[in-house]
Every structure is written in C-alpha cells, then in structure tokens.
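Each structure below appears as structure tokens.
What follows is a pair of complexes built around chain A, which joins chain B in one and chain C in the other.
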Partner chain A sequence: MIYEIAEHLSGWTSLDTWIVITAALAAMACALPGNLLLLRRQSMMGDALSHVALPGIVLAFLLSHWLQAGGWMSRQMHEAILHPIFFAGAMALGVLSAVLTEWVQKLGRVESSASLGAVFTTLFALGLLLMRAFADNVDIDPDCVLYGTIETVVVNTWPGTNIPRAAVINGAALLGNLALIVLFYKELKISAFDPALATTLGVNATVMHYALMAVTSVTLVAAFESVGSILVIAMLVTPAATAHLLTDRLSSMLGISLVVAAASALLGHAMAITLPPVFFSRIGFPADVGASTAGMMGVAVGMLLVGAAFLSPRYGVLSRSARRFRLRLRIVADDILGLLYRLNERGSAEQPRTFLQIFRGAMGVGRLQTFMAFRWLCWRGDVAIQSGYCSLTPAGESAARRLVRSHRLWEAYVEKHFGVPQSQLHHSAERAEHYLSPRLQEELAGELESPQLDPHGRPIPKPDNPPPADGA
Partner chain B sequence: MKSNGVSWGAFLLLAMCFGGALQAQEQGSEEFSSRVLRVALLQDYNTRVVMAGTVMLGATSGLVGVFMLLRRRSLLGDVVGHASLPGIMIAFLVMETISAGSGKWLPGLLVGAMASGFLGVLCVTWLKRNTRLKEDATMAIVLSVFFGGGIALMTAVQKSPSGNAAGLNSFVFGSAAAMTAADVQIIGLGAVGAMALCLLLFKELTVLCFDEEFAAARGWPTHTLDLALMLLVVSISVIGIQSVGLILVVAILILPSSAARFWTDDLRHMAWIAVGFGGASAYFGVLISALFPRLAAGAVIVLAGSVLFAFSMVFGARRGILRRWRIHRRLTRQVGRHDLLRTVFELWEQSGQPPETPLAGYPIETKALLSARTWSPAVLHRWIKAAAKEGLIATDGSAARQLTALGAREAKRVVRNHRLWEVYLITYADIAPSHVDRSADAIEHILDCELLEELETLLQKQYPEMEVPPSPHEIENQ
Partner chain C sequence: MSTDPQFEADHPASCPLSIHDMTVAYHRKPVIWDIDYNAPPGKLIAVIGPNGAGKSTLMRAALGLTPKISGRVHFYGQPYAKQRGRVSYVPQRGSVDWDFPVNALDVVAMGLYRQIGWCRPVRRRHRKEAFDALQRVGMADFAQRQISQLSGGQQQRVFLARALVQNADFYLMDEPFAGVDAATERAIVELLRGLRAEGKTALVVHHDLQTVTEYFDEVVLLNMRLVATGPTEKVFTSENLRKTYGGKLPLLDQVGHRMTMGQVDP
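Here is the complex of A and B:
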C-alpha cells in the first residue's frame, strides 16, 4: 500500500506544485482573518460570510450584465471590471449580512446564533434562486462555486508570465491581510481580547467589526474563485483553532496558523491524488480517480487539528491526562507514606509491614495505581523492602513527617477558626495535606502558636530542618 | 388585543399580496390562474406527493426548532446538515460494493447521513468538553472538516465511470421536485416519528430548555434527554436534506421557530405556531416552485420562511418591533408629560409669588422652561403640543399658554409622587438629599397607587395633609 502511494506520488508534476502553491496561498490568506474570528467568538460568522458571498457574486454579475445589455457599458469594459465587481459584490453582501444579523438581534431581540442563521440562509437561498432564475445570463456554475476549479489552475495564467492567475490573486490577498494585521496589530489584539477596554481606549469596536467582516469577505472571494467555498470554510477557522491549541500568544498563533494552512495544502493535495485510487481499487472501483483537492485539504486540516488536540504540550488531551495521572500518583504515594508513618506511630516502630497490609490500608484508589505509586516510592528511595517487609527509609521518614505535620496542622487550624466538629476535620485535611507548602505550614504553625497536639490529641511532628524565615 | 387584531389583519393582507403577486405575474392568462388552482388544491398526483412530504417535514422541523432555539443551539442544525454528506457518500460506496447499482437506495443513504450527522454532533460535544475551543469554533470546525471530507468523497465517486452517482449532488442543494412516492413515505414516516417523539417528551424537553439544573436535581436523565433532542435534530436535518438541500436545511429549523417567538411567550402556543409556520412555508415553497419550474423548491421554501420571519419580526403580537415601539413611545410620552408638568410646577413654586396664587392659569414660558431643563426647543414643543392635546395646557387665542385646572391637578400629583419618593429615600434608604433627585426622576413615572398608599402611610407623620410636600433639596436650574 505504501508502495502504491509512493507510485502515485512519483507522478508529481509542476502542475501539482502550482496547485499546492495556489491552495497554500489561498489557505494562508483565509487563515489570517480566521484567527481574529476565532478569538472574537465569531467562527460561525465566517461560515455565514462564505455562504453569503454567493448572492454577492450573483448580484454583481447580474448588475454588470444588465449594465452591458442596457448599453451603459462596452463589452471590453464589462470584461475588465468583472473581477473587481465580484469583489465589491461579495464585500457588500458580507457587510450587509453582518449588519442585518446585528439588526435582527437588536431590533427583534432574537438570540445571536438564530439571527445569524436566519440571515445567512435567507441570503444564500436568494442567491441560489437568482442564479437558477437567470441561468441564461449568469455564467456561474453552482458546483464550480462550491468545489472550485483548483485542478485546472494552470490554464489561466497571469498575462506575460506562467504563474497561475489564481496564485497571484490569492498571494495579493495574503499580502494585503498581512499588511493590515501588521499595521493594526495592537488595535486588533485589544479589540479581540477585551472589546470593552478597546472602546474605553478609543478603538472603535464597531468599525473594527465591520472592517473585519469586509476584509474577510474580500479574502473569501479571492479564494472562492480558485479553490471553492468548501476550502474557504475549512481554512478560515480550523488552522487558527489548531494554533490556538498550541500557543497562548497572538503573534505565534498567527504564525502557526499560517504554517498549518500551508501544510494542509500540501498534505491535502497529496491525499487527493493518492488515497482515492488506492482505496477505490480495493473495493472494486476503477483506480484512475482523484478526489477534490479542496475537500481533501479540509480533511487534512481536520487531521492536523485532531493531532494538536491530542498532542499539544499544554492543552493536549494526552498531556493533560498525563499530568492528571502524575498528580494522582503523587497523592497516592503521599497517602502510602502517611499510612506507614501512622502505623509506625501506633505500633512499635520496628514492627515490619508487608506490602499486602499497605494494600489493605484502604487507599480508595485502584490496585494498579497503588502498586505503581508504591514502586515509585521504592525507586525514589523513600520506602525500602527487606525480605517481603517494607519500612520507611530516613528520607521517606522525613517526607512522611512533613505530610503528617501538614495534615495535623490543617486540622488544628480548621478546628480553631471554623468550628468544624472533630469527626469531620479529617476529610478536609485529607485534601489539603497534599498542597500545603513548607512556608504555609510554618505560617499555620505560627498562627496556632506552634501547637504540640492536633485536635484528636495526636502529636504534630516537627520538621527536620525548619525553613529559614522570610528575608533571612 | 387591539394590536393582536392589527397583526392578524396585516397577516391576511400579506397573504393577499402574495396571491396578487402570483396573479400579476401572468395577468389575464386564464391558463395560469387555473394552474395556480390546480397546484394549490393539490389536484396533481405529483404535487400531492411532494407537498405531503415537504409539509410534514416543515411542520416537524418547526416543532423541533422551537427547542433548539430555546437551548440556543440553532446553528447545530447547520453542522448536522453539512456533516451528513460524508455519510451519504460512504453509504453509497458501501451499497455499491455490496451489489452494483443499488447505491442510491434512499433508506440506506439516510442511515449513512444520520450516522455521520450524529458523529458530527458528538465531535462538537467532544471538542467542546476536552479542548479549550469554544462552542462556535467547534461547530465551524466540524462543519467544514466533515463537509470537506464529503466533497472529496463525492468528487471521487462522481469521477468513477460507473455513472450511477449522477444524482448524488442533488443532496447538496436539494431537489424536492424529484421526490417519488416511496421517498415521501420515508420522509413522512420519519417526520411523524420525530413529531411523536417530540410531543411525547414535550414536558421533559421544556424543563430541559428552561432549567437544566432543576431537571437534573429532580433526577431526570438530562444527558439522555439532550441526546434525544440531538437525535431529533439529526433526523429532521437528514430527512430534510432531500427536499431543502444540506446547506439550507438549518433554515427550516431556525426560521419557523424564531418567527413564532415573536407572537407569544407561551411555549405551547409557540410550538403550535412554529408547526403552522413550518408547514406554511413548505406549502408555499412547493407551490411556487411547481408554478415556476426554474425556481428550486428548497430555496423557495427557505425564502417563504424568511418572509414569515420578517413579517413576524415587524408585526408580531408579543415581541414584534411595532408593538415594542408603540409601548416605548407611550412611555416616552408619559415621561415627557410628567417632566413638563413638574418643571412648570417648580417654576411656579420658585417664582416668589404669594402661595395663594393658583397654579392653574400659570403661564407656560418656553424660555424659562428651556433654561430649567436640558430640552431642545423641538422636544419641548412636542411635549407642550401633546399636553395641550390632552387638555393639560390651554391656549386662549393668543400665543400665551397656561396650565388648565386639570393640568394643575396633574402637576401637583406628579410633583407629589416625586417628592414622596425623595423623602422616602432620604428617610429610609439613607441617601443624601443632594442625590435623591436623579433616582426619583426615574421612579416617579411608574409609581402605582398601591405603592403611593404605602409611601403615604410611611410618611404620614411628616406630611399629614394630602398636599405637595416641599422639596427636600434645592432645585437647581440647568
């Protein structure tokens, strides 16, 4: 199978390279405003804008067609301004949809997501209807708008060069967005994180909002023409979300989202030309098929996002559960130390303890975890095993003393200040004992005037080497 | 009640305009009007079939949409719609693999769509719970990634030369006209099933929408109920895909229910209205697209819903813009009248005349009033005109205006309310005399009789007579 994939990849031509470059430029151009949409919690607005661009384009097309048919415009001029007018139409409708959503939300007091849904579906349905109704005049194929024509990107080159036109347009959109972000970085940042503060500092949040909508719409149309609306929707928010899982800084988030967008273009196209033939031939379909690059890029960026969701060092599911597991293990190990200390305290110090006794010491956690915590203690040298019996080593003894001290100090403190009945002191101390730092313990001891006994009448152990006082 | 009547009248008017527009389309053509009748009265078998399926679907989606709206999850339908595409394609591939040519068996495709739509919803929940991403981002991500995967599969399937895949892309934009009786049976069964489930769980879902914690505290399985609601949304979206298309399917969930919200505050009424709106928009959508074959039914159904929504937003009897605007205007007028009368009273009080001078007949001087308040001349004239209309201020031929007896009584009442509240605040809420004016300004307009009586009993000792007490603070002229 790997051989097959490699075989399909070996057919890589300059056409594929241009497809990837164009797609990467489009994806990167979309990813930049996507970051801001994500942080402003307007991700679904991006989805709405990409739907609304359709009626914008159709209306622009109809308008220019009528102008030409009515004799207001020559044919050459019509050809020349067709593209600018697309951009203008999509931008107008993008801003219009944002305004309408706001109106419906404020005037009609409709919940925000419902008003967004009502507005963009209406506009999209209108665009669809217009497109079908004037199909003779409007030379737009809905499938083409949806999936894009990235596979044939090299057919249409920029005059005088052999660079695809789409690559130039998307590159320009990317550069424009970059320039805007660099210029207004401070304002964008502050209005994304704290709109109220931005307003008090004189950054007009409303203007920022509509400007963002307009810029996003323009970017969407630039990408639309070449890569279709699917890609646009996928590339707006998902790279930004991937970056958001990996970092906390806005600047690095922007950078990572660009990398993710470019990587998903490469990965998506590679998947588009390799996977379908390989899988389709297995289930009895002809092997000479390829899938839409735009669609596969969506899948690719989804895979990158899932990867980040699991593997991110700080926010990943895996690393977080690893951290949680380590904490749980530490707590169990602490509990074992405390148990050994108390057993020593109650009986004679030399009486040997078997591992099984510890096990029965009602840890309240699974056997596997208890065992692992125990092995960890042995490995750390806090607990020693001699011929089947275990005992605290001097190091373990002092660790255990610290823990029990923390437990009993807390009990004394809670009893003194909160009047909790004696029978219920243990429960809160059982939780607090694990995170009272030595300094906090000393403060507690000072506050209680160095008590000797806890509320149950058991001695509070002394620390080995009391930490130096503050400022010493 | 009056506003209700106006709204329903406007509703009828809208319906008539609608019919009129249809007529005007091909005026004088006998053929066209007979066609309208034929379609509207369901005389064609084909129309009947399509109409039955779509109207059932519209009605059920209205009902389910009500709960989604109240749970603030309206856009989840959008996610489900887009996320069902890969399921349709995979189901097609699986069925083709099992036996060639059977790939477009609708129940199979719908099962695939449901499975992947539900998977999409689960992904949204999982991402929201386990990562730091917010709900809107998770929805956008799941929607786009699933849709991208679906499109990739679809293009691959369509490029395969077996040729059987031709109709698959009709799911994207929908094709109600192509529904067969067998399809309608499935859609109808699904819609009736969903409707029954919804009605059966009506009470439970209501509590879930309004107070989830309460439901959980009463020991109801909120998680299961939530899942049931999701299942309802998924099934509605999936059976709606064929007629409305997966991009627009969210509209039939959102529009009828949000439109119904403008008419009532009672959930049961809202549910019935939403059912009616959903059914009506489906009916008109199919009707129009049957008359004009070029108009895709899905888009027209959505637009019919949009018209209903816009209409309800303006004329809605409960939360419509017009009604709220009327209430707001009434309140503004009342506040303006009170302020005017109180200012006149205060001017009279300050004018240094002997207290025997009657308040009635006190001249209204625009200049003095303007300097006492931050009114613009236009606003002041509006209030004076309104007061004159109500007989509080009289003009005796010349340009001079004065308070009437009625106006004097009303002015005394207003000032009395204001000062009673001020004294109350000073005595009982321990607020400095210099600070009470502002808050009394806001409350004086809405003091009702009961509250006034209470104030009077409370302050009896200080002001035994039912006269206007003196102002507890200096009255400053702005």
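Here is the complex of A and C:
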C-alpha cells in the first residue's frame, strides 16, 4: 500500500507544486488574522465575515456596472478596477457587519453571538437575493464561492509570467498581513489582551477591532477564489487553535500557525491525490473519482488540531495522563517502602517477605501498577531481592524513613489542630504523606515542638539519622 | 482654556481627579448620578459601597471607558486625553483572559507601550524596566511564567507591576484586594504606602470594611450617589455607612466596624 501511495505521489508535477503553493499562501494569509480572532474570542466573526463578503462583492460589482452603464466610466477602466473594487466592497461590508452586530447587541439586548448570527445571515441572504435579481449582470458562481477552484489555479496566470494569478494575490495578502502584524504587534497584542488598558494607553481598542475586521475581510476575498469559503473558515481559526495548544507565547503562536497552515496545504493535496485511488477504490468507489484538494486540506488541518490536542506538552491528553501515571506510580512505590519499613519496625525482620506479600500489602491498587512500581524501586536500588525475599537497602531505608516521618508528623499535626479522632487520622495521612517536602516536614515538626511519638504512640523517625552503620 | 480663572479655580492642576456633575446610565437606567468630587493629592483613597453601587463604573466613566450621559472629568486640571501619562488604571483581575499566550514579563511590559510608541518594538531596556517592576512586587521569580500558571494573588501583583512601570502620579485600582492571599494583601498595602511616600495618589475600590481605617487616608462612600467623602476618621462613621449600605450591610461587617472603631454602647 505504501508502494501504491508512493507511485501516485511520483506523478507529482509542477501543477501540483503550484496548487500547494497557492493553497499554502492562502492558508497562511488567513491564519495570521485568525490568531487574533481566536485570542479575542471572536472566532465566529471569521465565519460571519466570509458570508458577508458575498453581498459586498455583489454590491461592488453592481455599483461599478452601473457606473459604466451610465457612462461615468470607460470599459477599460471598469475592467481594471473590477478586482480592487471587490476587495473594497467586501471590506466595507465586513466593517459594516461588525458595526451592525454591536448595534443589534445593544438595541436588541442580546448576547454578541446571537446578534452576530442574525446580522451575517441577513446580509448573506441579501447578497444571494441581489445575485438572483441581477443574475444577467453578475457572473458569480455560488459553487465556486463555496469550494473554490484550486485545481485549475495554473490556468489563470499573472500577465507576463507563468505564476498563477491566485498565488500572486494570496502572496500579497500574506505579505500585507505579515507587515501589519509586525508593525502593529504591540498594539494588536494589547488590544486583544486588555482592551481597557489599551484604551487608557491611547490605543483605541474599537478602532483596532474594526481595522482587524477590514483586514480579515480583504484576506478572505483574496483566498475565496482559490480555496473557497469553507476552507477559508477552517484556515482562519484551526491553525491558530492548533498553535495555541503548542505554545505559551504569542510570537511563537503566530509562527506555528503559519507552519500548520502550510503543512495542511501540502498534506491536504497529497491526501487528495493518493487517498481516492488507494483507499476509496478498495471500498467500492470508482477509482477515478477525485477528492477536492480544498476539502482534503480542511480534513488535514483538522487532523493536525487533533494531533496537537493529544501531544501538546502542557494541555495534551497524552502528556497529562503520563503525568498522572507517573504520580500514581510514585505513590504506589512510596507505599511499598512504607510497608517494608513498618514490617521491619514491628521487629519481624526474620519474617519472610515475599513479593506476593507485598502485593497483598499494597491494597486497592492495580496489580500492574504495583508490579511496575516494585520493579522501579529495585532498579533505583531502594529494594533488594535475595532468594525471593525483599528488603530495604540503606538508600531505601532512608527514603522510607522520610515517608513514615511525613505520615506520622501529619497525624500528630491533624490531631493537635483539628481534633480528628484517632481512628481517622491514618486515612488523611495516607494521602498527605506523599506531598510533604522536607521543608514542610521541618515546619510541622517545629510547630509541634519536635514530637517523639505520633498519636498512636509509635516513634516518629528522625530525618537525618545516619544510616545504620554496618560495621558497628 | 486653562487661562480661564473660573476654570482654574474649579480644576486646580494639583488635583489628581475632579469630577463635575457626572451621570452614567446603562440601558437608560442610571448607574451613578450627579457625582461631584475632587480627589485630594498625595492620599490613599478608598471607594466604598455595596454591590451595584457603581464603584467600578465611576472609575471606568472617569477614564472614558464607559460612556457618560453628562459631566466633566479632569485629571490634574486637564482632560484625560492630555494626561494619559500621569494616570494609571488597574482593572479588575477578572476583566482579562488569563489563558492569553503571554508571560508575566510581557504583561508588565504592556504598561510601557505608550512610552515606547506606535510601531516600535519592546527593547531590552524596556524588559529590564518591566523586570524591575516585577521585582518590586516580589514576582521576579515568575517573570517567565505563563500567566494562567499564576495564583490569583500573583496575577494581581503582575497587574500592579504593570501599573508601576507606567510611572504615573495617580493610580485608579479596581478591587486589587479581591481574592488575594494575606501575603499579597500586605505587599499591596506596602506598595500603596510607598506610592504615597513619593507624593502619589491612589483611588482604590475596596470591599473589606475592617481594613479601611488601617489602609486609607480618605474615603468615598458611594451608592449610586455620593453619600459622603473626606478624611477617613471624619467620614467613615456608622451613620454614613448605614446611609451607604442601607439595610444591606451584613451583620458581621457592622460588628467588625464597631470593633475597629472601638465603638461601645454607653
């Protein structure tokens, strides 16, 4: 199967390269403002803006068309400004929708997401209506808007070069966004983190908000044509969300989101050429059905997000459960040491202590965990096994003494200050003993005036007893 | 404008904050009414009142963060826009997203953004300055810590350090003592006294009636309207507190207040 995948990939041409480059540029351009939207908790604003761009484009088109028809503009000029005017239209409607959203929120006394939902669906519907009403004049294909036309990207090249036009436009959007973010890094950061402070420092947070909406709208329109609106929405927020899981610094978050966006473009296209022939044909689909590159990119970036959720160093599912597991192992190991120490203490040094007995002693814990903790103690040299019997080594002895000291000091402390009945002291100490650092132990001992015996009348081991001298 | 003698009399340049006839409403429902207040310079001033009395609104409206229906506010005799550098605001801890990908040092450095200016990067000397401020609040060890990894008290100290680097003359603090540990409370009080010793002024929204006399020189008693303002020993009386809190003053606070003021029935 790997051979098959490689075979399909070996058919890679410059066409594929341009598709990936264009898609990567579009995705990266979107990912930058996406970081800010995510951090401002306005992720849905991206969704809204991508819908609102439609009426913006249609209105701009109609306006320019009327200007031309009325004789205010020559045909050549109309052709020339058609694209800039699309951007202007989308930008204007983007800002308008942000203003309307706030207005509806105040006037209708609804929460912001509700007013956002109302505003952008209304404007989108308006755009569709206009498109239908003036269908003769507007050559916009709704399918194109939704899915994009990345597969045919090389057909339309920038005049005088063989670089796809979409790559140039998206590249320009990426460069523009990069420049804006570098230039206004501080201002964007502070108005996203603490709008009140930003305003008191003279950075008008409201203006920054609308500026971000305008820039996002332009980026969206640039990316629409090549990757389609569905992917644009995915690329706006998902790379940023992935990066947020992987880092705690804004600058690295921006960088990682760019890498994630580019990687998902490459991965998505590779999946689009290999998966249909290799997998889909096996489950009965005709082999020649191509999967949309844009669709696969959406899948790829989603996969990267899920991967980050598992592997993220701090928030990841895997690292969290690994940390929990280490802690539990440590607790079980501590308990085994304590058990051996108490057996010694009861003067039953001669009593045989087989592994099985330790097993039974560590109650309420899984056997696998007990076994692993036991092996770990042997490996660390705290416990030695001789002909099937376990005993504490000097190192293990002192570790066990610290633990038992911790346990009994805690019992004494709880009894003195909280008046807990003797029979219940043990339970709380069983939990607390693992968490008392030597410094805390000394604080407890000082507070209790260095007690000799715990509430049950058993001696509290001294911390720095010299290890039992072998020669003596 | 500042040549107008009447204006000079109303807004002396030495007065950190003068509020004239300020009213703020939310959805046409007034939150604070007819506030007239002149803050004395070089004092620690507590703003006290029940929940919903408009304490935070008073600060936010004075700074222009919440729109006013009427009223004029001046800082050191001039509108806020001209005095940004001399005024520092410490918002409530809950007002920001602590999951934001920044560390403590970044947050403190934000206080310097105005000084650094638009489009210019944060340089090493700015970071040094921010670090010094963290040191002043005892947070130097946590400079590189992501802010969600800090305790409530530590977060509050970061906010204070951010206010310190602004090197202002007048500080507005919205509940800096809310939900902090005893050590942080002591640190904040020390800090406030240090500021006062430098001749600076602080207006602080405060909740704990027990500590008002110990911490503050002046009080502003607020319950939608100003109830009373002035030196703590004169104004912070049972009578005024009853007026401020109405029937809402909890029994425990009443007892506590009598204890701190040493009031006993004859």
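One rule holds for everything that comes next: the second predicted complex is superposed on the first by the 443 of 472 C-alpha atoms of A that agree within 3 Å, B and C clash if a C-alpha of one lies under 4 Å from a C-alpha of the other, contacts with A are read in each partner's own complex, and residues count from 1 in each chain.
Here is the rule we go by: a contact is a pair of C-beta atoms (placed from the backbone, for glycine too) under 8 Å apart; a residue touches a chain by one contact, two chains touch by 3 or more.
Keep in mind it's a predicted model, so treat the numbers as computed, not measured.
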item: Room on chain A for both chain B and chain C (clash or fit); value: clash
item: Chain B versus chain C as contact partner of A:L63, first or second or both or neither; value: neither
item: Chain B versus chain C as contact partner of A:H51, first or second or both or neither; value: first
item: Which superposed partner A:G117 touches (first chain B, second chain C, both, neither); value: first
item: Partner chain(s) touched by A:L175 [first = chain B, second = chain C, both, neither]; value: neither
item: First, second, both or neither for A:G302, with chain B first and chain C second; value: first
item: First, second, both or neither for A:A80, with chain B first and chain C second; value: neither
item: Partner chain in contact with A:V99 - chain B first, chain C second, else both or neither; value: neither
item: Chain B versus chain C as contact partner of A:L453, first or second or both or neither; value: neither
item: Chain A residues touched by each partner, larger count belonging to chain B or chain C; value: B
item: Which superposed partner A:S292 touches (first chain B, second chain C, both, neither); value: first
item: Stretch of chain B, among 242-250, 314-322 or 422-430, that runs into chain C once the two complexes are superposed; value: 422-430
item: Doubly contacted chain A residues - partners chain C and chain B; value: 41, 109, 244
item: In the complex, chain A residues that touch chain C; value: 39, 41, 109, 183-187, 189-190, 192-194, 196-197, 199-203, 244, 247-250, 252-253
item: Contact footprint of chain B on chain A as seen in their complex; value: 38, 41-44, 46-47, 51, 104, 107-111, 113-118, 121-122, 124-126, 128-129, 132-133, 135, 142-143, 146-147, 230-231, 233-234, 236-238, 241, 244-245, 272, 276, 280, 283-286, 289-292, 294-299, 301-302, 305, 309, 315, 317
item: In the complex with chain A, residue positions of chain B that touch it; value: 69, 72-75, 77-78, 93, 96-97, 127, 130-134, 136-137, 139-141, 143-156, 159-162, 169, 172-173, 247-248, 250-251, 254-255, 257-258, 261-262, 294-296, 298-300, 302-303, 306, 309, 313, 319, 321
item: Interface residues, chain C side, partner chain A - complex; value: 27, 60, 63-65, 81, 84, 87-89, 91, 95-97, 100-103, 106-107, 110-111, 113-114, 116, 118-122, 146, 162
